[in-house]
Amino acid sequence: MTDRWHQENMRVQYKDTDQMGVVHHGNYVTWFEVSRTEWIRQHGFAYRKMEELGVLLPVLDITVQYKKSAHYDDCVAIFSKVTKYSPVRIEFCYEVRRISEDEFSQEIGETMEPFGELLATGTSKHMWVDRDWKPVRINKVAPEIYEILEKAMG
Amino acid sequence: MTDRWHQENMRVQYKDTDQMGVVHHGNYVTWFEVSRTEWIRQHGFAYRKMEELGVLLPVLDITVQYKKSAHYDDCVAIFSKVTKYSPVRIEFCYEVRRISEDEFSQEIGETMEPFGELLATGTSKHMWVDRDWKPVRINKVAPEIYEILEKAMG
Amino acid sequence: MTDRWHQENMRVQYKDTDQMGVVHHGNYVTWFEVSRTEWIRQHGFAYRKMEELGVLLPVLDITVQYKKSAHYDDCVAIFSKVTKYSPVRIEFCYEVRRISEDEFSQEIGETMEPFGELLATGTSKHMWVDRDWKPVRINKVAPEIYEILEKAMG
Amino acid sequence: MTDRWHQENMRVQYKDTDQMGVVHHGNYVTWFEVSRTEWIRQHGFAYRKMEELGVLLPVLDITVQYKKSAHYDDCVAIFSKVTKYSPVRIEFCYEVRRISEDEFSQEIGETMEPFGELLATGTSKHMWVDRDWKPVRINKVAPEIYEILEKAMG
(Lines give C-alpha, C1' and ligand atoms only; values in the text may rest on other atoms or scores of the structure.)
Protein backbone atom coordinates (compact mmCIF):
# COMPACT_ATOMS: atom_id res chain seq x y z
CA MET A 1 0.00 0.00 0.00
CA THR A 2 1.18 3.46 -0.84
CA ASP A 3 2.26 5.71 1.98
CA ARG A 4 1.57 8.95 0.18
CA TRP A 5 -0.89 11.28 1.89
CA HIS A 6 -2.94 13.96 0.20
CA GLN A 7 -2.62 17.30 2.00
CA GLU A 8 -5.56 19.70 1.98
CA ASN A 9 -5.10 23.07 3.66
CA MET A 10 -7.95 24.87 5.44
CA ARG A 11 -8.27 28.12 7.34
CA VAL A 12 -10.51 27.70 10.43
CA GLN A 13 -13.59 29.85 9.93
CA TYR A 14 -15.55 31.74 12.53
CA LYS A 15 -18.65 29.62 12.01
CA ASP A 16 -16.57 26.49 12.80
CA THR A 17 -15.96 27.65 16.39
CA ASP A 18 -18.25 27.12 19.34
CA GLN A 19 -18.54 28.90 22.66
CA MET A 20 -15.72 26.83 24.18
CA GLY A 21 -13.59 28.93 21.82
CA VAL A 22 -12.51 25.91 19.78
CA VAL A 23 -13.57 24.22 16.56
CA HIS A 24 -16.77 22.27 17.15
CA HIS A 25 -15.98 18.56 16.95
CA GLY A 26 -18.58 17.94 14.25
CA ASN A 27 -16.57 19.88 11.67
CA TYR A 28 -13.81 17.28 11.49
CA VAL A 29 -16.13 14.86 9.74
CA THR A 30 -16.71 17.31 6.90
CA TRP A 31 -13.03 18.24 6.82
CA PHE A 32 -12.30 14.56 6.20
CA GLU A 33 -14.75 14.64 3.32
CA VAL A 34 -13.04 17.62 1.69
CA SER A 35 -9.65 15.96 1.94
CA ARG A 36 -10.76 12.60 0.54
CA THR A 37 -12.60 14.35 -2.33
CA GLU A 38 -9.36 16.08 -3.24
CA TRP A 39 -7.40 12.81 -2.83
CA ILE A 40 -9.71 11.37 -5.48
CA ARG A 41 -9.38 14.39 -7.78
CA GLN A 42 -5.60 14.34 -7.45
CA HIS A 43 -5.55 10.78 -8.71
CA GLY A 44 -7.37 11.69 -11.83
CA PHE A 45 -11.11 11.36 -11.38
CA ALA A 46 -13.49 13.91 -9.88
CA TYR A 47 -16.05 12.54 -7.46
CA ARG A 48 -18.57 14.58 -9.47
CA LYS A 49 -17.79 12.48 -12.52
CA MET A 50 -18.23 9.27 -10.55
CA GLU A 51 -21.76 10.38 -9.70
CA GLU A 52 -22.39 11.21 -13.35
CA LEU A 53 -21.41 7.59 -14.12
CA GLY A 54 -24.11 6.52 -11.66
CA VAL A 55 -21.72 5.46 -8.91
CA LEU A 56 -22.09 6.79 -5.35
CA LEU A 57 -19.72 6.26 -2.44
CA PRO A 58 -21.70 6.62 0.79
CA VAL A 59 -20.08 6.47 4.22
CA LEU A 60 -20.55 3.24 6.21
CA ASP A 61 -18.50 4.10 9.25
CA ILE A 62 -16.66 7.10 10.69
CA THR A 63 -14.30 7.41 13.65
CA VAL A 64 -12.57 10.50 15.01
CA GLN A 65 -10.02 10.67 17.82
CA TYR A 66 -9.56 14.20 19.18
CA LYS A 67 -6.12 15.06 20.60
CA LYS A 68 -5.91 18.85 20.75
CA SER A 69 -8.23 21.71 19.89
CA ALA A 70 -8.15 23.81 16.76
CA HIS A 71 -8.89 27.52 17.14
CA TYR A 72 -10.34 30.28 15.03
CA ASP A 73 -8.06 31.42 12.20
CA ASP A 74 -5.68 28.48 12.68
CA CYS A 75 -4.15 27.02 9.56
CA VAL A 76 -4.82 23.30 9.46
CA ALA A 77 -3.88 20.56 7.02
CA ILE A 78 -6.15 17.55 6.60
CA PHE A 79 -4.01 14.64 5.44
CA SER A 80 -5.80 11.65 3.91
CA LYS A 81 -4.84 8.36 2.35
CA VAL A 82 -6.45 5.12 1.27
CA THR A 83 -5.69 2.29 3.68
CA LYS A 84 -7.65 -0.50 2.03
CA TYR A 85 -9.67 -1.05 -1.11
CA SER A 86 -11.42 -3.74 -3.07
CA PRO A 87 -13.92 -3.76 -5.94
CA VAL A 88 -16.71 -3.28 -3.38
CA ARG A 89 -15.24 -1.11 -0.61
CA ILE A 90 -12.68 1.55 0.15
CA GLU A 91 -11.25 2.87 3.42
CA PHE A 92 -9.47 6.12 4.22
CA CYS A 93 -7.52 7.38 7.21
CA TYR A 94 -6.94 10.98 8.19
CA GLU A 95 -4.72 13.24 10.25
CA VAL A 96 -5.66 16.82 11.07
CA ARG A 97 -2.64 18.96 11.95
CA ARG A 98 -2.08 22.60 12.79
CA ILE A 99 0.45 24.11 10.40
CA SER A 100 2.20 27.47 10.17
CA GLU A 101 1.14 30.40 7.99
CA ASP A 102 4.17 29.62 5.82
CA GLU A 103 3.21 25.99 5.39
CA PHE A 104 -0.34 27.13 4.67
CA SER A 105 0.70 29.32 1.77
CA GLN A 106 2.72 26.51 0.17
CA GLU A 107 1.24 24.50 -2.64
CA ILE A 108 -1.16 21.73 -1.63
CA GLY A 109 -0.16 18.28 -2.71
CA GLU A 110 1.18 14.95 -1.64
CA THR A 111 3.52 14.07 1.17
CA MET A 112 5.09 10.92 2.58
CA GLU A 113 5.02 12.27 6.10
CA PRO A 114 2.27 14.43 7.61
CA PHE A 115 3.74 17.41 9.46
CA GLY A 116 2.54 19.98 11.97
CA GLU A 117 0.93 19.61 15.38
CA LEU A 118 -1.41 16.61 15.52
CA LEU A 119 -4.99 17.66 16.41
CA ALA A 120 -7.03 14.63 15.44
CA THR A 121 -6.95 11.32 13.62
CA GLY A 122 -9.78 9.40 12.02
CA THR A 123 -11.01 6.80 9.58
CA SER A 124 -13.88 6.32 7.14
CA LYS A 125 -15.24 3.26 5.36
CA HIS A 126 -17.25 3.42 2.16
CA MET A 127 -19.11 1.15 -0.21
CA TRP A 128 -19.66 1.60 -3.97
CA VAL A 129 -23.39 1.69 -4.80
CA ASP A 130 -25.52 2.58 -7.79
CA ARG A 131 -28.21 5.25 -7.93
CA ASP A 132 -30.67 2.88 -6.23
CA TRP A 133 -28.15 2.33 -3.44
CA LYS A 134 -27.52 -1.26 -4.55
CA PRO A 135 -23.93 -2.40 -3.92
CA VAL A 136 -21.87 -2.62 -7.10
CA ARG A 137 -18.43 -3.94 -8.07
CA ILE A 138 -16.57 -0.85 -9.25
CA ASN A 139 -14.30 -2.88 -11.57
CA LYS A 140 -17.45 -3.98 -13.43
CA VAL A 141 -19.50 -0.79 -13.56
CA ALA A 142 -16.66 1.71 -13.90
CA PRO A 143 -13.42 -0.10 -14.71
CA GLU A 144 -11.70 3.21 -15.51
CA ILE A 145 -12.08 4.22 -11.86
CA TYR A 146 -10.78 0.90 -10.57
CA GLU A 147 -7.75 1.14 -12.83
CA ILE A 148 -6.93 4.59 -11.53
CA LEU A 149 -7.30 3.30 -7.99
CA GLU A 150 -5.00 0.35 -8.67
CA LYS A 151 -2.47 2.67 -10.22
CA ALA A 152 -2.68 5.13 -7.33
CA MET A 153 -2.21 2.36 -4.79
CA GLY A 154 0.46 0.71 -6.90
CA MET B 1 -54.06 39.19 4.55
CA THR B 2 -54.15 36.96 7.54
CA ASP B 3 -52.30 38.05 10.65
CA ARG B 4 -51.77 34.57 12.05
CA TRP B 5 -48.16 33.57 12.67
CA HIS B 6 -46.88 30.03 12.85
CA GLN B 7 -44.78 29.48 15.97
CA GLU B 8 -41.90 27.00 15.85
CA ASN B 9 -39.95 26.39 19.04
CA MET B 10 -36.23 25.59 19.03
CA ARG B 11 -33.63 24.95 21.71
CA VAL B 12 -30.30 26.61 20.86
CA GLN B 13 -27.72 23.86 20.32
CA TYR B 14 -24.04 23.94 21.17
CA LYS B 15 -23.02 23.71 17.52
CA ASP B 16 -25.07 26.86 16.79
CA THR B 17 -22.80 29.00 19.00
CA ASP B 18 -19.53 30.62 17.99
CA GLN B 19 -16.61 31.87 20.02
CA MET B 20 -18.33 35.21 20.71
CA GLY B 21 -20.53 33.02 22.93
CA VAL B 22 -23.64 33.72 20.85
CA VAL B 23 -25.56 31.99 18.06
CA HIS B 24 -23.68 32.43 14.79
CA HIS B 25 -25.68 34.76 12.54
CA GLY B 26 -25.82 32.22 9.71
CA ASN B 27 -28.14 29.94 11.68
CA TYR B 28 -31.09 32.33 11.50
CA VAL B 29 -31.46 31.65 7.80
CA THR B 30 -31.99 27.93 8.42
CA TRP B 31 -34.24 28.67 11.40
CA PHE B 32 -36.45 30.65 9.02
CA GLU B 33 -36.55 27.62 6.74
CA VAL B 34 -37.69 25.31 9.52
CA SER B 35 -40.46 27.69 10.54
CA ARG B 36 -41.78 28.26 7.01
CA THR B 37 -41.71 24.50 6.33
CA GLU B 38 -43.90 23.99 9.38
CA TRP B 39 -46.15 26.90 8.36
CA ILE B 40 -46.76 25.01 5.12
CA ARG B 41 -47.36 21.69 6.90
CA GLN B 42 -49.77 23.30 9.34
CA HIS B 43 -51.89 24.53 6.42
CA GLY B 44 -52.29 21.06 5.07
CA PHE B 45 -49.55 20.24 2.59
CA ALA B 46 -46.05 18.97 3.35
CA TYR B 47 -43.23 20.59 1.42
CA ARG B 48 -42.05 17.03 0.75
CA LYS B 49 -45.27 16.36 -1.13
CA MET B 50 -44.85 19.50 -3.19
CA GLU B 51 -41.51 18.19 -4.38
CA GLU B 52 -43.11 14.84 -5.17
CA LEU B 53 -45.56 16.77 -7.39
CA GLY B 54 -42.51 18.19 -9.18
CA VAL B 55 -42.80 21.68 -7.69
CA LEU B 56 -39.81 23.32 -5.99
CA LEU B 57 -39.79 26.61 -4.08
CA PRO B 58 -36.25 28.02 -4.19
CA VAL B 59 -35.26 31.17 -2.32
CA LEU B 60 -34.82 34.34 -4.40
CA ASP B 61 -34.00 36.77 -1.64
CA ILE B 62 -33.29 36.72 2.08
CA THR B 63 -32.94 39.52 4.61
CA VAL B 64 -32.15 39.31 8.32
CA GLN B 65 -32.06 42.15 10.83
CA TYR B 66 -30.25 41.22 14.06
CA LYS B 67 -31.40 43.00 17.24
CA LYS B 68 -30.09 40.95 20.17
CA SER B 69 -28.01 37.81 20.54
CA ALA B 70 -29.30 34.32 21.26
CA HIS B 71 -27.22 32.16 23.61
CA TYR B 72 -26.59 28.46 24.09
CA ASP B 73 -29.53 26.58 25.58
CA ASP B 74 -31.90 29.52 25.08
CA CYS B 75 -35.45 28.68 24.14
CA VAL B 76 -36.39 30.56 20.98
CA ALA B 77 -39.55 30.74 18.91
CA ILE B 78 -39.35 31.39 15.19
CA PHE B 79 -42.60 33.02 14.10
CA SER B 80 -43.40 33.05 10.39
CA LYS B 81 -46.22 34.19 8.17
CA VAL B 82 -46.96 34.74 4.51
CA THR B 83 -46.99 38.44 3.61
CA LYS B 84 -47.67 38.17 -0.12
CA TYR B 85 -48.46 35.48 -2.64
CA SER B 86 -49.48 35.02 -6.25
CA PRO B 87 -49.59 32.05 -8.63
CA VAL B 88 -45.87 32.61 -9.35
CA ARG B 89 -44.35 33.88 -6.09
CA ILE B 90 -44.68 33.80 -2.32
CA GLU B 91 -43.10 35.89 0.43
CA PHE B 92 -42.66 35.19 4.14
CA CYS B 93 -41.66 37.34 7.08
CA TYR B 94 -40.14 36.13 10.36
CA GLU B 95 -39.55 37.08 13.96
CA VAL B 96 -37.11 35.22 16.19
CA ARG B 97 -37.86 35.69 19.87
CA ARG B 98 -36.42 34.37 23.12
CA ILE B 99 -39.12 32.66 25.15
CA SER B 100 -39.28 31.14 28.64
CA GLU B 101 -38.89 27.45 29.50
CA ASP B 102 -42.64 27.42 30.25
CA GLU B 103 -43.54 28.90 26.89
CA PHE B 104 -41.13 26.44 25.27
CA SER B 105 -42.89 23.42 26.72
CA GLN B 106 -46.29 24.66 25.51
CA GLU B 107 -47.80 23.29 22.35
CA ILE B 108 -46.47 24.74 19.09
CA GLY B 109 -49.07 26.39 16.93
CA GLU B 110 -50.51 29.61 15.66
CA THR B 111 -50.67 33.00 17.28
CA MET B 112 -51.98 36.45 16.38
CA GLU B 113 -49.21 38.16 18.29
CA PRO B 114 -45.61 37.00 18.50
CA PHE B 115 -44.37 37.10 22.12
CA GLY B 116 -41.02 36.96 23.91
CA GLU B 117 -37.91 39.10 23.56
CA LEU B 118 -37.30 40.11 19.95
CA LEU B 119 -33.90 38.85 18.71
CA ALA B 120 -34.19 39.18 14.94
CA THR B 121 -36.58 39.85 12.09
CA GLY B 122 -36.33 38.80 8.47
CA THR B 123 -37.97 38.12 5.13
CA SER B 124 -37.71 35.61 2.30
CA LYS B 125 -39.01 35.63 -1.26
CA HIS B 126 -39.58 32.48 -3.30
CA MET B 127 -40.64 31.45 -6.77
CA TRP B 128 -42.45 28.26 -7.85
CA VAL B 129 -40.40 26.27 -10.36
CA ASP B 130 -40.52 22.81 -11.89
CA ARG B 131 -37.79 20.16 -11.69
CA ASP B 132 -35.89 21.91 -14.48
CA TRP B 133 -36.03 25.16 -12.52
CA LYS B 134 -38.45 26.70 -15.04
CA PRO B 135 -40.94 29.12 -13.41
CA VAL B 136 -44.46 27.68 -13.16
CA ARG B 137 -47.89 28.98 -12.19
CA ILE B 138 -48.80 27.01 -9.10
CA ASN B 139 -52.56 27.34 -9.79
CA LYS B 140 -51.98 25.51 -13.08
CA VAL B 141 -49.52 22.78 -12.11
CA ALA B 142 -50.78 22.08 -8.60
CA PRO B 143 -54.18 23.75 -8.09
CA GLU B 144 -54.68 21.81 -4.85
CA ILE B 145 -51.76 23.74 -3.32
CA TYR B 146 -53.00 27.09 -4.55
CA GLU B 147 -56.43 26.41 -3.09
CA ILE B 148 -54.93 25.61 0.27
CA LEU B 149 -52.91 28.80 0.10
CA GLU B 150 -55.95 30.88 -0.78
CA LYS B 151 -57.87 29.31 2.06
CA ALA B 152 -55.01 29.88 4.51
CA MET B 153 -54.68 33.51 3.50
CA GLY B 154 -58.45 33.96 3.18
CA MET C 1 -25.66 0.09 34.62
CA THR C 2 -29.05 1.48 33.79
CA ASP C 3 -30.70 0.43 30.57
CA ARG C 4 -32.85 3.50 30.18
CA TRP C 5 -32.37 5.49 26.99
CA HIS C 6 -33.21 9.13 26.52
CA GLN C 7 -35.31 9.69 23.40
CA GLU C 8 -34.96 12.94 21.47
CA ASN C 9 -37.19 13.49 18.45
CA MET C 10 -36.06 15.46 15.40
CA ARG C 11 -37.63 16.34 12.07
CA VAL C 12 -35.10 16.08 9.22
CA GLN C 13 -34.58 19.55 7.80
CA TYR C 14 -33.92 20.53 4.21
CA LYS C 15 -30.46 21.83 4.99
CA ASP C 16 -29.55 18.40 6.46
CA THR C 17 -29.92 16.72 3.06
CA ASP C 18 -27.30 16.52 0.35
CA GLN C 19 -27.56 15.90 -3.38
CA MET C 20 -27.70 12.12 -2.89
CA GLY C 21 -31.17 12.94 -1.52
CA VAL C 22 -30.30 11.71 1.98
CA VAL C 23 -29.16 13.24 5.24
CA HIS C 24 -25.47 14.14 5.00
CA HIS C 25 -23.49 11.82 7.28
CA GLY C 26 -21.93 14.69 9.21
CA ASN C 27 -25.26 15.63 10.80
CA TYR C 28 -25.40 12.49 12.93
CA VAL C 29 -22.55 13.76 15.08
CA THR C 30 -24.51 16.87 16.02
CA TRP C 31 -27.69 14.84 16.47
CA PHE C 32 -25.80 12.79 19.05
CA GLU C 33 -24.85 16.02 20.81
CA VAL C 34 -28.45 17.19 21.02
CA SER C 35 -29.59 13.88 22.47
CA ARG C 36 -26.83 13.66 25.10
CA THR C 37 -27.46 17.29 26.12
CA GLU C 38 -31.08 16.40 26.74
CA TRP C 39 -30.07 13.19 28.56
CA ILE C 40 -28.12 15.41 30.93
CA ARG C 41 -30.97 17.90 31.35
CA GLN C 42 -33.45 15.11 32.01
CA HIS C 43 -31.32 13.90 34.89
CA GLY C 44 -31.43 17.23 36.59
CA PHE C 45 -28.52 19.39 35.50
CA ALA C 46 -28.33 21.56 32.39
CA TYR C 47 -25.06 21.40 30.47
CA ARG C 48 -25.21 25.21 30.48
CA LYS C 49 -25.01 25.15 34.30
CA MET C 50 -22.02 22.82 34.19
CA GLU C 51 -20.18 25.39 32.10
CA GLU C 52 -21.19 28.12 34.53
CA LEU C 53 -19.54 26.01 37.24
CA GLY C 54 -16.39 26.05 35.12
CA VAL C 55 -16.63 22.45 33.97
CA LEU C 56 -16.46 21.55 30.27
CA LEU C 57 -17.03 18.14 28.72
CA PRO C 58 -15.14 18.01 25.40
CA VAL C 59 -15.36 15.05 23.03
CA LEU C 60 -12.35 12.70 22.94
CA ASP C 61 -13.64 10.17 20.48
CA ILE C 62 -16.62 9.68 18.17
CA THR C 63 -17.76 6.68 16.16
CA VAL C 64 -20.75 6.36 13.83
CA GLN C 65 -21.96 3.25 12.04
CA TYR C 66 -24.38 4.03 9.20
CA LYS C 67 -27.00 1.36 8.40
CA LYS C 68 -29.71 3.08 6.37
CA SER C 69 -30.30 6.57 5.04
CA ALA C 70 -32.55 9.20 6.56
CA HIS C 71 -34.52 11.40 4.16
CA TYR C 72 -35.92 14.90 4.15
CA ASP C 73 -38.93 15.37 6.43
CA ASP C 74 -38.42 11.99 8.10
CA CYS C 75 -39.19 11.80 11.79
CA VAL C 76 -36.19 10.42 13.63
CA ALA C 77 -35.52 9.63 17.27
CA ILE C 78 -31.99 9.87 18.64
CA PHE C 79 -31.72 7.52 21.60
CA SER C 80 -28.79 8.02 23.98
CA LYS C 81 -27.56 6.48 27.20
CA VAL C 82 -24.47 6.50 29.39
CA THR C 83 -22.47 3.29 29.04
CA LYS C 84 -19.58 4.09 31.37
CA TYR C 85 -18.58 6.83 33.76
CA SER C 86 -15.98 7.68 36.36
CA PRO C 87 -14.91 10.86 38.15
CA VAL C 88 -12.74 11.71 35.13
CA ARG C 89 -14.59 10.37 32.08
CA ILE C 90 -17.99 9.56 30.67
CA GLU C 91 -19.12 7.56 27.64
CA PHE C 92 -22.38 7.57 25.71
CA CYS C 93 -23.88 5.33 23.07
CA TYR C 94 -26.53 6.24 20.53
CA GLU C 95 -29.12 4.83 18.19
CA VAL C 96 -30.76 6.86 15.45
CA ARG C 97 -34.08 5.42 14.33
CA ARG C 98 -36.81 6.45 11.90
CA ILE C 99 -40.14 6.71 13.69
CA SER C 100 -43.71 7.34 12.56
CA GLU C 101 -45.52 10.68 12.60
CA ASP C 102 -47.57 9.32 15.51
CA GLU C 103 -44.50 8.37 17.51
CA PHE C 104 -43.01 11.76 16.66
CA SER C 105 -45.92 13.65 18.17
CA GLN C 106 -45.73 11.66 21.41
CA GLU C 107 -44.00 13.09 24.44
CA ILE C 108 -40.20 12.87 24.46
CA GLY C 109 -38.77 10.93 27.35
CA GLU C 110 -37.14 7.75 28.50
CA THR C 111 -37.48 4.25 27.21
CA MET C 112 -36.08 0.83 28.03
CA GLU C 113 -36.15 -0.24 24.40
CA PRO C 114 -35.36 1.96 21.41
CA PHE C 115 -38.00 1.53 18.69
CA GLY C 116 -38.34 2.36 15.01
CA GLU C 117 -36.18 1.51 12.01
CA LEU C 118 -32.49 1.53 12.88
CA LEU C 119 -30.55 4.05 10.76
CA ALA C 120 -27.28 4.43 12.65
CA THR C 121 -25.49 3.64 15.88
CA GLY C 122 -22.60 5.42 17.53
CA THR C 123 -20.54 6.22 20.59
CA SER C 124 -18.82 9.20 22.16
CA LYS C 125 -16.20 9.50 24.90
CA HIS C 126 -15.69 12.64 26.98
CA MET C 127 -13.41 13.97 29.67
CA TRP C 128 -14.22 16.53 32.37
CA VAL C 129 -11.92 19.56 32.14
CA ASP C 130 -11.77 23.03 33.66
CA ARG C 131 -11.81 26.33 31.75
CA ASP C 132 -8.09 25.93 31.00
CA TRP C 133 -8.78 22.46 29.56
CA LYS C 134 -6.99 20.77 32.48
CA PRO C 135 -8.52 17.39 33.40
CA VAL C 136 -10.54 17.52 36.64
CA ARG C 137 -12.22 15.00 38.91
CA ILE C 138 -15.89 15.87 38.72
CA ASN C 139 -16.58 14.48 42.22
CA LYS C 140 -14.11 17.05 43.59
CA VAL C 141 -14.94 20.15 41.56
CA ALA C 142 -18.69 19.65 41.22
CA PRO C 143 -19.85 16.89 43.60
CA GLU C 144 -23.49 17.82 42.95
CA ILE C 145 -23.08 16.72 39.35
CA TYR C 146 -21.38 13.46 40.29
CA GLU C 147 -24.14 12.66 42.76
CA ILE C 148 -26.77 13.19 40.10
CA LEU C 149 -24.81 10.94 37.76
CA GLU C 150 -24.50 8.21 40.38
CA LYS C 151 -28.20 8.44 41.06
CA ALA C 152 -29.06 8.36 37.36
CA MET C 153 -26.90 5.32 36.79
CA GLY C 154 -28.16 3.68 39.97
CA MET D 1 -14.51 54.92 -2.13
CA THR D 2 -12.20 52.29 -3.46
CA ASP D 3 -13.50 49.97 -6.13
CA ARG D 4 -11.13 47.13 -5.39
CA TRP D 5 -12.74 43.82 -4.53
CA HIS D 6 -11.17 41.03 -2.54
CA GLN D 7 -11.51 37.67 -4.33
CA GLU D 8 -11.81 34.51 -2.28
CA ASN D 9 -11.99 31.20 -4.13
CA MET D 10 -13.99 28.24 -2.84
CA ARG D 11 -14.69 24.75 -4.11
CA VAL D 12 -18.33 23.74 -3.47
CA GLN D 13 -18.33 20.86 -1.02
CA TYR D 14 -20.72 17.93 -0.88
CA LYS D 15 -22.13 18.96 2.48
CA ASP D 16 -23.06 22.36 0.98
CA THR D 17 -25.54 20.76 -1.42
CA ASP D 18 -29.14 19.86 -0.65
CA GLN D 19 -31.54 17.45 -2.28
CA MET D 20 -32.49 19.97 -4.97
CA GLY D 21 -28.97 19.22 -6.19
CA VAL D 22 -27.78 22.78 -5.58
CA VAL D 23 -25.93 24.65 -2.85
CA HIS D 24 -28.29 25.29 0.07
CA HIS D 25 -29.06 29.01 0.25
CA GLY D 26 -27.88 29.28 3.86
CA ASN D 27 -24.25 28.69 2.85
CA TYR D 28 -23.93 32.02 1.07
CA VAL D 29 -24.07 33.86 4.39
CA THR D 30 -21.02 32.00 5.68
CA TRP D 31 -19.28 32.38 2.31
CA PHE D 32 -19.67 36.14 2.73
CA GLU D 33 -18.06 35.84 6.15
CA VAL D 34 -15.03 34.01 4.79
CA SER D 35 -14.52 36.60 2.07
CA ARG D 36 -14.83 39.62 4.37
CA THR D 37 -12.46 38.02 6.90
CA GLU D 38 -9.88 37.67 4.14
CA TRP D 39 -10.58 41.24 2.94
CA ILE D 40 -9.63 42.36 6.44
CA ARG D 41 -6.52 40.17 6.56
CA GLN D 42 -5.39 41.38 3.15
CA HIS D 43 -5.46 44.96 4.42
CA GLY D 44 -3.13 44.18 7.24
CA PHE D 45 -5.03 43.14 10.33
CA ALA D 46 -6.38 39.70 11.17
CA TYR D 47 -9.89 39.60 12.60
CA ARG D 48 -8.43 37.31 15.26
CA LYS D 49 -6.18 40.15 16.40
CA MET D 50 -9.11 42.54 16.57
CA GLU D 51 -10.80 40.18 19.00
CA GLU D 52 -7.59 39.97 21.03
CA LEU D 53 -7.76 43.80 21.28
CA GLY D 54 -11.24 43.36 22.73
CA VAL D 55 -13.10 44.54 19.64
CA LEU D 56 -15.88 42.46 18.08
CA LEU D 57 -17.70 43.14 14.82
CA PRO D 58 -21.12 41.47 15.00
CA VAL D 59 -23.53 41.43 12.07
CA LEU D 60 -26.49 43.84 12.24
CA ASP D 61 -28.07 43.09 8.91
CA ILE D 62 -27.65 40.64 6.05
CA THR D 63 -29.24 40.53 2.59
CA VAL D 64 -28.75 37.96 -0.16
CA GLN D 65 -30.17 38.05 -3.68
CA TYR D 66 -30.02 34.67 -5.43
CA LYS D 67 -29.68 34.72 -9.24
CA LYS D 68 -28.50 31.25 -10.26
CA SER D 69 -27.68 28.02 -8.47
CA ALA D 70 -24.23 26.78 -7.56
CA HIS D 71 -23.60 23.04 -7.89
CA TYR D 72 -21.38 20.46 -6.24
CA ASP D 73 -17.73 20.76 -7.17
CA ASP D 74 -18.21 24.15 -8.84
CA CYS D 75 -15.42 26.66 -8.45
CA VAL D 76 -16.83 29.88 -7.05
CA ALA D 77 -15.26 33.22 -6.19
CA ILE D 78 -16.74 35.33 -3.41
CA PHE D 79 -15.89 38.95 -4.12
CA SER D 80 -16.22 41.44 -1.27
CA LYS D 81 -15.57 45.11 -0.70
CA VAL D 82 -16.33 47.79 1.86
CA THR D 83 -19.07 50.16 0.70
CA LYS D 84 -19.29 52.41 3.75
CA TYR D 85 -17.50 52.90 7.03
CA SER D 86 -17.33 55.22 9.98
CA PRO D 87 -15.79 55.01 13.46
CA VAL D 88 -18.90 53.12 14.61
CA ARG D 89 -20.03 51.03 11.64
CA ILE D 90 -18.86 49.27 8.51
CA GLU D 91 -20.72 47.82 5.53
CA PHE D 92 -19.68 45.26 2.94
CA CYS D 93 -21.13 44.12 -0.36
CA TYR D 94 -20.58 40.78 -2.07
CA GLU D 95 -20.79 39.00 -5.37
CA VAL D 96 -20.67 35.22 -5.69
CA ARG D 97 -19.61 34.08 -9.15
CA ARG D 98 -18.92 30.73 -10.81
CA ILE D 99 -15.40 30.67 -12.21
CA SER D 100 -13.44 28.20 -14.32
CA GLU D 101 -10.96 25.62 -13.05
CA ASP D 102 -8.21 27.78 -14.52
CA GLU D 103 -9.38 30.90 -12.73
CA PHE D 104 -9.72 28.83 -9.56
CA SER D 105 -6.10 27.75 -9.62
CA GLN D 106 -4.89 31.34 -10.05
CA GLU D 107 -3.65 33.28 -7.09
CA ILE D 108 -6.34 34.81 -4.86
CA GLY D 109 -6.18 38.56 -4.53
CA GLU D 110 -7.71 41.84 -5.49
CA THR D 111 -9.57 42.86 -8.60
CA MET D 112 -11.25 45.99 -9.95
CA GLU D 113 -13.86 43.97 -11.76
CA PRO D 114 -15.50 40.78 -10.50
CA PHE D 115 -15.58 38.13 -13.23
CA GLY D 116 -17.34 34.84 -13.86
CA GLU D 117 -21.04 33.95 -13.95
CA LEU D 118 -23.02 35.89 -11.36
CA LEU D 119 -24.78 33.56 -8.89
CA ALA D 120 -25.71 35.88 -6.01
CA THR D 121 -25.18 39.33 -4.59
CA GLY D 122 -25.47 40.50 -1.00
CA THR D 123 -24.68 43.01 1.71
CA SER D 124 -23.80 43.00 5.40
CA LYS D 125 -23.77 45.76 8.03
CA HIS D 126 -21.68 45.60 11.18
CA MET D 127 -21.06 47.60 14.34
CA TRP D 128 -17.89 47.76 16.43
CA VAL D 129 -18.53 46.62 20.02
CA ASP D 130 -16.43 45.73 23.04
CA ARG D 131 -16.45 42.40 24.89
CA ASP D 132 -19.62 43.43 26.73
CA TRP D 133 -21.28 44.18 23.38
CA LYS D 134 -21.27 47.93 24.12
CA PRO D 135 -20.83 50.03 20.95
CA VAL D 136 -17.37 51.59 20.66
CA ARG D 137 -15.69 54.13 18.37
CA ILE D 138 -12.97 52.14 16.63
CA ASN D 139 -10.78 55.24 16.15
CA LYS D 140 -10.70 55.60 19.97
CA VAL D 141 -10.28 52.02 21.13
CA ALA D 142 -8.10 50.71 18.29
CA PRO D 143 -6.80 53.63 16.22
CA GLU D 144 -4.36 51.31 14.43
CA ILE D 145 -7.33 49.50 12.88
CA TYR D 146 -9.06 52.71 11.87
CA GLU D 147 -5.90 53.97 10.22
CA ILE D 148 -5.59 50.79 8.20
CA LEU D 149 -9.22 51.12 7.17
CA GLU D 150 -8.75 54.74 6.10
CA LYS D 151 -5.68 53.77 4.14
CA ALA D 152 -7.46 50.82 2.50
CA MET D 153 -10.40 52.99 1.52
CA GLY D 154 -8.09 55.78 0.39
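Read from first to last, the chains carry the letters A, B, C and D; within each, the first residue is number 1.
Definition applied: a residue touches a chain if its C-beta (ideal position, glycine included) is under 8 Å from a C-beta of that chain, and two chains touch if they have at least 3 such contacts.
Everything numeric in this text was worked out from a predicted model, so none of it was measured.
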Practice task
Among all other chains, pick the one whose mean CA position is farthest from the mean CA position of chain A.
Solution key: B
Handout entry: Shared interface numbering between chain D and chain B [over half = same, under half = different]
Key = same
Fill in the blank from the handout: Between chain A and chain B, the Cα-mean centres are separated in Å by 35
Exercise for the section: Report the inter-chain centroid distance for chain B and chain C in whole angstrom, where each centroid is the mean of the CA atoms. Expected result: 27
Practice task
Identify all positions of chain C at which a residue touches two or more other chains, and write them in rising order.
Solution key: 14-15, 19-20, 22, 26, 30, 33, 51, 72
Completion exercise
As the complex stands, chain C meets chain B at residues 11, 13-15, 30, 33-34, 37, 46-48, 51, 72-73
Fill in the blank from the handout: Given the complex, residues on chain D that touch chain B span 19-20, 22, 25-26, 29-30, 33, 51, 56, 58-66, 69, 133
Completion exercise
So, in the complex, the side of chain D touching chain C is made of residues 14-15, 17-22, 24, 26, 72
